Every structure is written in structure tokens, then in C-alpha cells.
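The same chain A turns up in both complexes below, where it pairs with chain B and then with chain C.
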Partner chain A sequence: MRMRCGCLSRAGWIAVNTFVEAARQRFFAFLVLLGAGMAGAGVYLRAFDFGGSELKFVADFGFGGMFLFGAILAVVLPAQVFFSEMDNRTALPLLARPVRRWEFLAGKFFGVWVLLGVFVVLLGCVLGVMLRLRAGELAVAAVETGREAPFLSEWGLVVFCLLQWLRLGVVAALGVVVCSFARSFLYAVVVTALAALVCQLRGMGQVAFAREDAAGWVRVLAGGAGRMVPDLQVFDLGVPLVLQPGGVAWEVVASAAGHGALYLPVLLGLGVWFFVDREI
Partner chain B sequence: MSACAAIEIRGLVKDFRTGLRGVKLRAVDGLSLSVPVNSIYGLLGPNGSGKSTTLKILLGLVAPTAGECLVLGCAAGSVAARAKIGFLPEAPYFYRHLSGRELVRFYARMSAVPSRVREGSVADALELTGMSAAADRRVGTYSKGMLQRIGLAQAIVHDPELVILDEPTAGVDPLGAAAIGRILLAMRERGKTVVLCSHLLGQVEELCDRVAILDRGRLVLEGGVAEVLERRDERLLVVSAWSEAARVSVEGALAGHGARLEAVRAPRVSLEQLFVERLSRAEGKGGEVR
Partner chain C sequence: MGVSLKSVFVCRAVVAGGVLVVAGWGLSWVGRPAGEWQGAHQPAFRAESLEGVLGQGALLGVFGGFRAIMADFAWLRSYVSWERCERAGCETFMRMALTLDPGNAVFWLDGGYITAFDMPHWEVRTREAGGRLKLDAVVVRQIKGEYARRGLALLSTGAERHPARAAEFWERCAMICLNVLKEPERAAEFYRRAAECENPKWYASLAYANLLALELGRKEEARRWLEAYAEKFRRGERRDTGRIRELLDEVLREWGTATPPRTVRP
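And now, the complex of A and B:
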């Protein structure tokens, strides 16, 4: 029990140090500003709503910014705080101490993941405020014109933010896996980005390959290969969660959360497996 | 294996695979040596001789291809062994966003220094390495010499039984190097074992009890410093009031014993010794040294 506390304590302090190191980077502040700007700008760009609901356009714009800039952070941060630590040898005095490799890797991941949580909260707050302000204006206009006021669920937004945090955690875990065997910074970033893209397109690929008219072996192969990578699109529940009165069945939300919760430890385990014998 | 050995290495081999075809590069080739406890041990050799690889194997950062290594009775690289070691890597890089004190505290936490004594240990390590005054400055603002000192502080903050230092005085001015030398001697007096990798042979000669010289991964020479440096059939006499007549007399006396005077030179101090003496004197007078 005492040993486990020591392990958690070491991993925790590595996570705290990683969080502070990553949060101080201008890159993080720059992407927060870009993301917040995009979430806020949706209200002013609503003329380009392509005929859809205005609030839906604003929300989609914000959700898109949250995932786009969050994914960039989740791809780059593991390379910056994990791979670079090995590359510039700050890992040497740390791993020469009684620190297990999994503690180091877990500390790096959780430091990044907590920072991604801060990113999601900041952008969620900006988006929530913008949506609430515009929904209020639309509600007043709806009363005047006798139409139905638009629906907006703050709780739905909170659930959506939690799901996005999990989604970005999966991307960051992919980054940690790649960094655990990468030999250059560029390789770590590019391969993680490609892996995240594959995960984002997994659902579409499965649908394409699992058509009724596809050969049996193609369907079996697509089904098997599909299960080996996480599906990032299962977390795309923003519009129904936030803007639809019926919301989303809790089973769907639980399924998305379970999907992330299943792949996170699998990916981290894979990262530890690669990293444990890595020569520093 | 020797009961009083801090490090025991037997038949150590390390191969690295390089390039796409996986060509083997042998960095350490059948190395065997033993480092006694409570000593300062110098590991010498040109670049690429396998010193750093050997140290990394001892620390578990690199796995050996073959051979056996024990550190204070524990398998090298194990958590138990690493808990007893303090390590300063060559040209160390540390977290630039932390202050010196925060950095040493972080490494104290990583070495499980109990919280009730942690702050005292951090303050002692900073004091011992002369970094107390700059302890609250960010590491990113430190000079190369200060980085070496803070590196030494993090290596000794948990009071390890064995300290492994890879080029501890690289980039440090002679006064700083002398101060680091005094710290190492003080550690030996407290019963610690120090393994020192350095290209500064004068410093190694001055500090170390034993040395090992490696070349292309193999042990070329190993032994006590006095033992390996001494020319057994020659002695050096330092004579005051020297004159040509004294020289003739000495030659005559030596010839009577079948011995011969080989050379006559005025004694010299080393440039490092002169530098340290002069600066210490200037500091003692309160003079400003630039």
C-alpha cells in the first residue's frame, strides 16, 4: 500500500511538473486564444449559416474550434513534454532515480490531459456564454413573432465538454504511444496526427467497407481492424446534447464515455510496453 | 563478488544496432571491474570508449547485451539500486521553468525523501554546492557552471550511498571545480562512494583513489592512483639552495650507489594551482576578481 502511494505520488508530481511546463508555453496560450476567438466569432458569422438553425451554426462553429485546436494541442503537447524530455536529456536524472517507466509515462500523460481539460473548460465557458446570449436574443424575437423559442441545455454543454475532454485524452494517449518509440520530434507529431486522422475517419471507413455488397473477407477485415483503433466520431454528440430538447439517450452518452474509458488504458498500456525497454 | 564493492561489473557487453541493416556497434566489450565502497573512483577514456554507456547500464537507462552488474548488492537498474544512487549526467539539462530550489525539491520528492526532512535536505544540498544565494532564480537563467552545481545538488539531495558524476566540472571555472572537488572529498569522508567520469586528468589524479582507463569498450588499465602513476625505481628530490657544486656532489654520491642523476628541473606549480591560489588570496583581501 505504501509502495503504491509512493508510485502515485511520484507520477502525480511528474504530472504537476508537466502541467506547469506545458501551461507556460506560448503555444498553449495561442491555441486557447484562437479557439476562444473561433467560439466567440460564430455569433458574428451567423449570416453564413447555410440555411440551418442559427444557434446550431454558432454551436457547430464552437464545437469545431474546440476539437480542431484541442486536437492540435493533444497531438503536439505529448511530443513537447514527453519526447523532448528524452531528446534533450532532462529525462536522464529523473529516470536514474527510483522512478518506474510507467510512473514517468503516466505522469506525462496526466499532466497533458489535465491541461487539455483546462482548454476544454475555457472554450466551453466562452461558447456557453455566446450561446446563452444569442439564445436569449432569439427567445425575445421568438416571443415577438409568435414562434417557438430555441432550446439550449447548459447541462448538455457540460456533458459535451466532458466527452470532448475524453476524446482529446484519447488523442493525447495516441501521442504518448507514438512518443514512446519515436526517434524525432517531427516523426512523433506527424505520426500522431495521422493516427488521430485514422481514428476520426474510422466510422466512415467501417461503413464504407462493411457494405452489404462488399466481399465477406473485406467486411471481416474492416470489422477486425476497426476495433483496433478508437472511433473519435462517437464523441460528436454536441448538437443533440446542447440544442435538441429530447437530448441524447443516456445509453449513447455512456457508450461514448465507455469507448474512451476503454481505449485510454489500452493505449497507455501499449505506450508503457514500448517505453519500458527503450534505451534513453 | 566482493562484499565491500559498491559496484561489481563482470563481463559486461553492450552492442548497439545502427542503420537500417542493424549493423552491430560494440560500445562495451567484456568489461569487468570492481569499485570499492567509500572511495572516489575515476572512469577515464577518450570519447566513445564506453564510459557513459557503462554508467547508463548501471543506472538502468540502457540494458546490457551480456554480463552482470551489481550496485550495492542490488541488480543494476533495479528500483532498489537506483534509490541508493545520485546521478549527474554530462552537460545536464533541467526544467528551465523551475527555480533551483524547486528543482532540487522535485528530485527530492522523486527519491522519496520524507516530507518532514525534505526542506532541510534541499537547503543542505543547496548550501553544500554553493547555490543557496541563487536558489530562487529560475534554472533557465543559470550559467553553465551553476547548472553543474545545481545538478550536483539534485544528485546528493537524498543522501545517496553512491554518487555517479559524468563530467561534473565541464564548463565550471577552476574555483568552482575546486569547490566541487572539496564536496567529493567531504562525501568520501562521510562514507560515500563516488564514481567520476572526467577528461580533466589533473582533477582525477588529485581526487581519485582508484582509476580505470577504458578504450573502445575495453579495460586498458585499473588500479590505485598512486600505484599506477608511480615509477617504482625512480624518486624525485626537491632540494633548496641548489648550486652547480651541489649538483656535482650529488652526482658523485649517486654514482657511488650505482645510481644516476637523470634530470635537474626547478619545481613548478600547475597553472590551476596558481589560479586558485591567486584568486583565493584576492578574495581573502576583499579584492574584486574579474
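And now, the complex of A and C:
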């Protein structure tokens, strides 16, 4: 019991240090500002909207910013915190102590993941405020014109933010796997970004390659390859969750959450497996 | 030693791939409902719509949340092609906009109209500029008919996706049938749908009755239908936003039917 507590404590301390180290980077602050600016600017860019629902346009813009900048953070931060330890040789004395390699890796991952959570919460708050303000204005206008007021669910936004946090966690876990065997920061970032892209396009790829008119071996290959990576598109439930009453069933939300949550230990396990025998 | 390390890494990579495949198969049941939901609600994930956006597919996938603004830019690009009377560009970007954001009714409404009314003229002009001085009238009719059918298909799909605005779609379908296909019976049917669907266009009822009476010679049927329709306003089954009932009564009187002054809607 004491040993388990010790493991968690050591991993926890590494996570805390990783969190502080990553949060102090200007890169993080810059992307938070950029993402928040984008989430807030959606209201002022609605002139580009051609007749669709105004709230949907604003929300869509914010969701896009949340995932785009969040994904950049999730790709870059694990590599940055990992290779800063490697390049500065601080990993050597750390791992010479009674710190297991999985504790080191888990600490790095959870430190980054918590920071991604902070990012999602900040952007979610900005987006929520913008949506609530605009929905209020639209509701007043709707009463004046005798139309139906637009629907907005704050709880839906909370659930969506949790889903995005999981999604970014999966991307960060991919980054940890790549870092566990990569030899350079650039290689780790590029390979992780490509892996995230593949995960994002998995659903479309399976549809494109597994059509009925495709050759049998292509369909088998596409089916097998498609199963190898998590599907990040299943987390795209923002609009039905936030703007449509009963837009999506809870089992669909649970399915997406379960998909991400179960992939995390698999990916982290692979990362640890690559990392245990790595020469540092 | 270096070779040995490399071979160890390769072995590990192969095993890791195997683990991922097994994990993927094992976890597929968890993510299936979410994947199926995406397949059913996101047209970009349907095989029939993939071809139109495959080139832009990467963007679509990466910027998952930016679909609305990307669709708007695609629509702008489609408009540029429309101004230049370029069918291929207009249709491609139109389809892209529709695939990215099928929730925007304007794309469906304008897309259907452009397809039915404008594109056949561009097609005829292109073919005539390609060497033939003047296309045969039968060929022109065929081209117009083909594009009109495509426009109708687009509008019908739009009506299914936007039931609250179905009346606008059916009204436009009727216009296409009337002005391009020259099929008044079919146009009348679309006007009837526009008058009877959710959030109806009341004037579509007059258009329907007029077509029945004047174009198809079924005046008695038109009168009976219009009376029944006006009756719904009298009984308050339909919301009278203005003087709809009075206007319908006026038309019925013009047609020579004395509509009894029934109880006024509460």
C-alpha cells in the first residue's frame, strides 16, 4: 500500500512540476489568448454567416478554436516537456533515484493533460459567456418579432468541454507514445501531428476505402488499419449538445467518452513499454 | 549491437501495431454508437458525398469545429463561379458548402434555384460556343429538364432536412415545375404541399387553387379545396397572421361561391 502511494506520489510530483513548467511557457499563454480571442470574436464575425443559425455559427467558431489550438498544445507540449528533460540531462539524476520510468512518463502525461484541462475550461468560459450574451439578445428580439427564442444549454457546453478534454488527452497520449522512442523534438512533433491527423480523418478514411465497389483486400486493410487508431471525430458533438434540445442521446455521449477514456491507458501502456528499455 | 537494437525496436513496433489492432477491435463496441451517430448526422461521412469534398477532406477533418465558416467561404467561392457562369466551379463549391454545413437552409434553397434556373443556360451556352451554332430545341429541353430534376432533388432533400421551412422549398419546387418543366399539375401538387405543411405559406393555397382551376380546368375541385382550407382559418386550426381568411373568402366570392358568414375565429 505504501509502495503504491509512493508511486502515485512520485508520479504526482512529476505531474505537478510538469504542469508548472508547461504553464509558465509563453507558448501556452499565447495559444490561450489566441483561442480565447477566436472564441470571443465569433460574435463579431457573424457577418460571414449566410442565413444559418447565428448561435450555431458563433459556437462552431469557438469549438473550432478550442480543438485547433488545443490540438497544437497537445502535440507540442508533451514533446517539449519530455525533451527538455532529455536535452538538459535532468532526466538522468531523476531516473537514477527510485523513480520508475512509468512514473516519469505518467507524470509527464498527467501534467500536460491537466494543463490542457485548464485550457479547455478557459476557452469554454469565454465561449459560454459570449453565447449566453448573444442568446439573451436574440431572445429579446425573438419576443419582439413573435418568434421562438434560441435554445442554449450550459450543461451541454460543460459536457462538450469534458469531451474535448478527453479528446486532447488522447492526442497528448499519442505524443507520449511517440516521445517514448523519438530521438528529437522535431521528429516527435511532426509524427504526433500526423498521427493526430490520421485519427481525425479515420472515420472519413474508413468510409472512403471501405465502399462496396472497393476491392476486397482494400476493405480488409482499411478496416484493420482503421481499428489501429482512435477516432477523434466521435467527439464532434458540440452543436447538438449545446444548441439542440435533445440533439444527441446520452448513450452517444457516453460512447464517445468511453472510446477516449479506454484508449488512454492503452496508449500510455505502449508508451511505457517503449520507454522502459530506452537509452537516455 | 546497433543492428540488434534496431531489430528490437522493429519487433516492438510490430507488437505495438498488433496491440493497437487488438485494442481497436476490443474497443470498437464502445465507440460504435458515437461512430454510427456521426455517420448518420454528418453528411461528410457518407460515401455518396465524400467524392465532392475529398480534396478538402483533410481540412474538414482537421478543423472539425470550423465547418460553418468554411461552408460560408465555400459558398462565397461558389458565388464567384456563379457570377462568371462557371458551372463546374459553382456546383463543386456549392456541394462542398452543403456537405460542410447542411444545417443552413439558404444553401439548399439557393442551390436548388441556381441548379434549375441558371446552370442549364450556362450549359447550353458552353455547348453552343463549342462549335455548334444553335442547339436543337429538343436537346435544350432535355438539358433544362435534367438540371430541373437535379434542382428538385436538391430542394426535396433540403425540405427533409428543414421541415420547419419546408413551405419555402415546396414553393420553389413548384416554380421550377411551372417555369422550367412546364408541368402545371406537378407544380400544383408542390403548391398544395407548401400550403399544408408545417409553417405554411397561405398564398400557396391560392396558387394551387388557381392552377387547378385555370390551368387544369378543375375549378370545382379547386373551389372545394379552397373552401376547406379557408374553413381551417375560420375554426382557428391555422394561425391567421393578418387578413388571410378575408382574402380567401374574397377569392371564393369572386369565383361565384357565397361563403356564409360563419363564426369568427376567437
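Note that in this section the second predicted complex is superposed on the first by the 279 of 280 C-alpha atoms of A that agree within 3 Å, B and C clash if a C-alpha of one lies under 4 Å from a C-alpha of the other, contacts with A are read in each partner's own complex, and residues count from 1 in each chain.
Here is the rule we use: contacts are C-beta pairs under 8 Å (C-beta built on N, C-alpha and C of every residue); 3 or more make two chains touch, one makes a residue touch a chain.
Source: prediction; values computed, not measured.
Visitor: May I ask you to name which of chain B and chain C touches more residues of chain A?
Guide: Residues of chain A touched, chain B against chain C: more for C.
Visitor: Just checking: does A:97 make contact with chain B only, chain C only, both, or neither of them? Give me first, second, both or neither.
Guide: first
Visitor: Give one of first, second, both or neither to describe whether A:88 is in contact with chain B, with chain C, with both, or with none.
Guide: first
Visitor: Which partner chains sit in contact with A:252 here, chain B, chain C, both or neither? Use first/second/both/neither.
Guide: A:252 sits against chain C, while chain B stays out of touch.
Visitor: Go through the superposed model and pick first if A:66 touches only chain B, second if only chain C, both, or neither.
Guide: second
Visitor: Counting only touches as set out at the top, which of chain B and chain C does A:45 meet: first, second, both, neither?
Guide: second
Visitor: Report for A:9: first if it touches chain B alone, second if chain C alone, otherwise both or neither.
Guide: A:9 sits against chain B, while chain C stays out of touch.
Visitor: Could you say whether A:231 touches chain B, chain C, both of them, or neither, answering first, second, both or neither?
Guide: It touches chain C, and chain B stays clear.
Visitor: Which positions of chain A sit in both the chain B and the chain C interface?
Guide: In chain A, residues 277 are touched by chain B and also by chain C.
Visitor: Residues of chain B touching chain A in their complex?
Guide: 56, 59-63, 79-80, 82-83, 85, 87-89, 91-95, 97-98, 106-107, 109-112, 151, 154-155
Visitor: Please give the residue numbers of chain A that touch chain C in the complex, ascending.
Guide: Against chain C, the touching part of chain A is residues 45, 48-53, 56-57, 60-68, 181, 197, 200-201, 203-204, 207-208, 211, 224, 226-234, 236-240, 248-249, 251-253, 255-256, 258-259, 262-263, 266, 269-270, 273-274, 277.
Visitor: Quick one: which bits of chain C touch chain A in the complex? Just the residue numbers, please.
Guide: Where chain C meets chain A, its residues are 8-9, 12, 16-17, 19-21, 23-25, 27-28, 30-35, 37-39, 41-42, 44-47, 50, 54, 57-58, 60-69, 72-73, 75, 101, 103-107.
Visitor: Tell me, which parts of chain A touch chain B in their complex?
Guide: Against chain B, chain A makes touches at 6, 9-10, 13-14, 17, 20-21, 24, 88-90, 92-100, 277, 279-280.
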